[in-house]
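Written below as structure tokens is the structure these notes are about.
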Amino acid sequence: MNDYKTLRQEAFEANMEIPKRGLAIYTWGNVSAFDKTAGVFAIKPSGVSYETLTADSIVVVDLEGKTVWGKLRPSSDTETHRILYRAFPGIGGITHTHSTFATARAQAARGVPVFGTTHADHGAEEIPCTGFLSKEAVESGYERETGTLIVSTFKATGKNPAHMQMVLVAGHGPFTWGADAAQSVYHAAVLEEICKMAYITLQINPGTSPLPARIINKHWERKHGPSSYYGQK
Amino acid sequence: MNDYKTLRQEAFEANMEIPKRGLAIYTWGNVSAFDKTAGVFAIKPSGVSYETLTADSIVVVDLEGKTVWGKLRPSSDTETHRILYRAFPGIGGITHTHSTFATARAQAARGVPVFGTTHADHGAEEIPCTGFLSKEAVESGYERETGTLIVSTFKATGKNPAHMQMVLVAGHGPFTWGADAAQSVYHAAVLEEICKMAYITLQINPGTSPLPARIINKHWERKHGPSSYYGQK
Amino acid sequence: MNDYKTLRQEAFEANMEIPKRGLAIYTWGNVSAFDKTAGVFAIKPSGVSYETLTADSIVVVDLEGKTVWGKLRPSSDTETHRILYRAFPGIGGITHTHSTFATARAQAARGVPVFGTTHADHGAEEIPCTGFLSKEAVESGYERETGTLIVSTFKATGKNPAHMQMVLVAGHGPFTWGADAAQSVYHAAVLEEICKMAYITLQINPGTSPLPARIINKHWERKHGPSSYYGQK
Amino acid sequence: MNDYKTLRQEAFEANMEIPKRGLAIYTWGNVSAFDKTAGVFAIKPSGVSYETLTADSIVVVDLEGKTVWGKLRPSSDTETHRILYRAFPGIGGITHTHSTFATARAQAARGVPVFGTTHADHGAEEIPCTGFLSKEAVESGYERETGTLIVSTFKATGKNPAHMQMVLVAGHGPFTWGADAAQSVYHAAVLEEICKMAYITLQINPGTSPLPARIINKHWERKHGPSSYYGQK
């Protein structure tokens, strides 16, 4: 029988980045790691503190939402993760936090324009903010519908989840993803820093214009384009 | 003779969370733990730094305000704790801090509307802020009257102290409570984070609307309602 | 020959509180300890980092400004300390930092009204901010005149340096004092926290009123009045 | 064959100050150390995290942009460093970070007026902010042109890079330099603190006037003038 040891270890290590990077306090936040071949993802159990979390307490869930390994109840946000894995092909990890500046911006229900190269290095477009779920959506399955809301926000604005890997859910907080669990939590830390910088920028000058497109595109291309030259690959 | 060792240890450990969580500097802040059966609470001694605090320096006081164990003078805020234990049935711990954002909001004398799910997870309503004590109240027993002011604020606004476990005392700072001392200090850390997020949210958009009631209630119910499904219980 | 070992040790330990409490980076800031009987004070040497500071590198200076012990050059702010020891009877230590919020408020050239009990516990009145030194004062002896400016600010506003132990020098930063060096650096940390809280308070509501006098006086009296009951004394 | 061991060690140690001083997260930021005699500089490799960085992974590049030691690809910002070493005589180290407040101010595209002595101690004039690169400049060699933009900004405003050793590149972030790599990263930390203080100062009073010239000049001269008396030299 498969015990998903590697996948659980990956999820465990990525979850431990949340307190290390100061992205949430106590039990808040969760990271999952996806195994595309097996069609399952490993996720933090609900309400367990990072101080007592181990790879053995990580829960493995399939794409129908059924727990296939582990005795604890999975994160209450598991349904949101599940919907995103089904809808966004190619992603291998998802992170949800309550990091301070990203959550505050989600509470103000505003996306994040590209004000600088720190942002452009990680996305050549505004980071979107969803609307609020309807009464029907909340009652029919709140966490699943949160996933559906993210997916429909991307569809409505023509965004490609392979290029924009961050979103703010209005009134709630940030969700981020990536090629694996580690990259998804990296994006959570980047999003928090981008939101903090955007906050200060707009306090300095509420009329700050977005970065010119020529510079946005240059920074995106040098890291992610076909002729990228950042890093060692 | 009862030396209240377990109760003092509980109070000691909860008090040590104050510096660990960055909720106050030097000697500021205090936590108490209540033993309902014995009718006594264990509380931090006045003006003792966290670096030198031990379980043996914790003081035990009864509901008449008489010290029943310990040689040090109890916290100068002891009377406030005493009034709350008498008035709010079922609470087992109380925390007072001077955490930065909660204290600043208390200085601005404003309650905290529910701007997001971080808040709704811990209370489905505005966190209240009291008014200022009258000259007569200050002179007749300042700390006792601070407790009375909190109680009357809850009565006047119809709040249930089992559901809303945080308050700001105008011009002073936060008081929080919970099922035990550990939960009361957890609520102190949560309140500081909620106040920081509310601050940033209103700086981004001073006209931010509170979270829709359907989402507030959903988050409260999933953690605290009869069909709650957050955590491992 | 007197080597002022105890006094230098006191100054050394108080200086090390500056990096520990996050009140300045690199070599910025300085604390001195005064021996009233000997008429000398021990002070940080100029431009030495806290990582390499020892009690043996502390310099001892008399009230005429002459170095009586030590081979290093004393802090460039030594003359300011000297003037304050001469003018303010009873103080035993002085601290100067560049802590972020106190320095920013000094740059904005504004005193700090009493917005809450955190402030009132340490002073029952506005923390004053000086004006700017004249060209003549700058040229005739900048650091000495900075001391004189603080003294004249206190005289002009009728403040008692035994009751208000903090000041902001416009465009420069905070100076604080106390019964000994340790208390002066405690006041530096308190002032930074008060300035941060005042900043947030006024961002929340620019029209925030000062705390009612009845509560200011109560907090001051319970810590410092003839019938004080805070702490263990 | 010269392996530039001393130069690489200098660059390595200065790069490690970036995470230690909280000036960037993950792989962001880079420091170089210049050997004027050899006409080469040692610089951080591109995309390598500080946790795995060693002196042996540092890359050495000559003033034509050719790698003369090391197997890794140098920082993507290498061309900016190269242009600055060619244009600004006497500098021995350069630092680029994405520190929060300096980057936010660069995003708002505003220089930093001298609001206090913390600034004046490190520069007797406004810290300049460049304009945005043209489409032609971005396409012809973005990083080289960033260097050229800094140089032309200094020429246009008559600034001396030996006296003003900090600049904000609009929409991007800070570059700083100094007599050696260690001093360049010191200036990066100072710039972050100055930008944070300027931010808070202008939030307190948007109409804050710059520090009077008489005090600016005094602070600059006491640290850097012919009769300087700060420090132990």
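Read from first to last, the chains carry the letters A, B, C and D; within each, the first residue is number 1.
Quick note on the criterion: contacts are C-beta pairs under 8 Å (C-beta built on N, C-alpha and C of every residue); 3 or more make two chains touch, one makes a residue touch a chain.
Every value quoted in this text rests on a predicted model; they were computed, and no experiment measured them.
Student: Stepping chain to touching chain, what's the minimum from subunit A to subunit D?
Tutor: The least step count works out to 1.
Student: What angle of turn lays subunit B on top of subunit C when you fit their CA atoms, given in steps of 5 degrees?
Tutor: 90
Student: Average the CA atoms of each chain to get its centre, and name the chain whose centre is farthest from that of subunit C.
Tutor: Farthest from subunit C by mean C-alpha position: A.
Student: Counting shared numbers against all numbers at the contact of subunit C and subunit D, is it over half, same, or under half, different?
Tutor: The interface of subunit C with subunit D is built from mostly unshared positions.
Student: Taking each chain's centre as the mean position of its Cα atoms, how many Å separate subunit A from subunit B?
Tutor: Result: the chain centres lie 33 Å from each other.
Student: I'd like to verify one number: the distance from the centre of subunit B to the centre of subunit D, where each centre is the average of its C-alpha atoms, in whole angstrom.
Tutor: About 46 Å separates the centre of subunit B from that of subunit D.
Student: Of all the residues in subunit A, which ones touch at least 2 other chains?
Tutor: 199, 203
Student: Identify every two-chain combination in which the chains touch.
Tutor: Chains touch in the following pairs: A-B, A-D, B-C, C-D.
Student: Could you please specify the touching residues of subunit C with respect to subunit D in the complex?
Tutor: Within the complex, subunit C touches subunit D at residues 25-26, 28, 45-48, 72-73, 76, 98, 100-101, 103-110, 132-135, 138-139, 142, 171-173, 199, 202-203.
Student: Could you list, by residue number, the parts of subunit A that touch subunit D in their complex?
Tutor: 21, 115-118, 186, 189-190, 193, 196-201, 203-205, 208, 211-212, 214-215, 218, 222, 229-232
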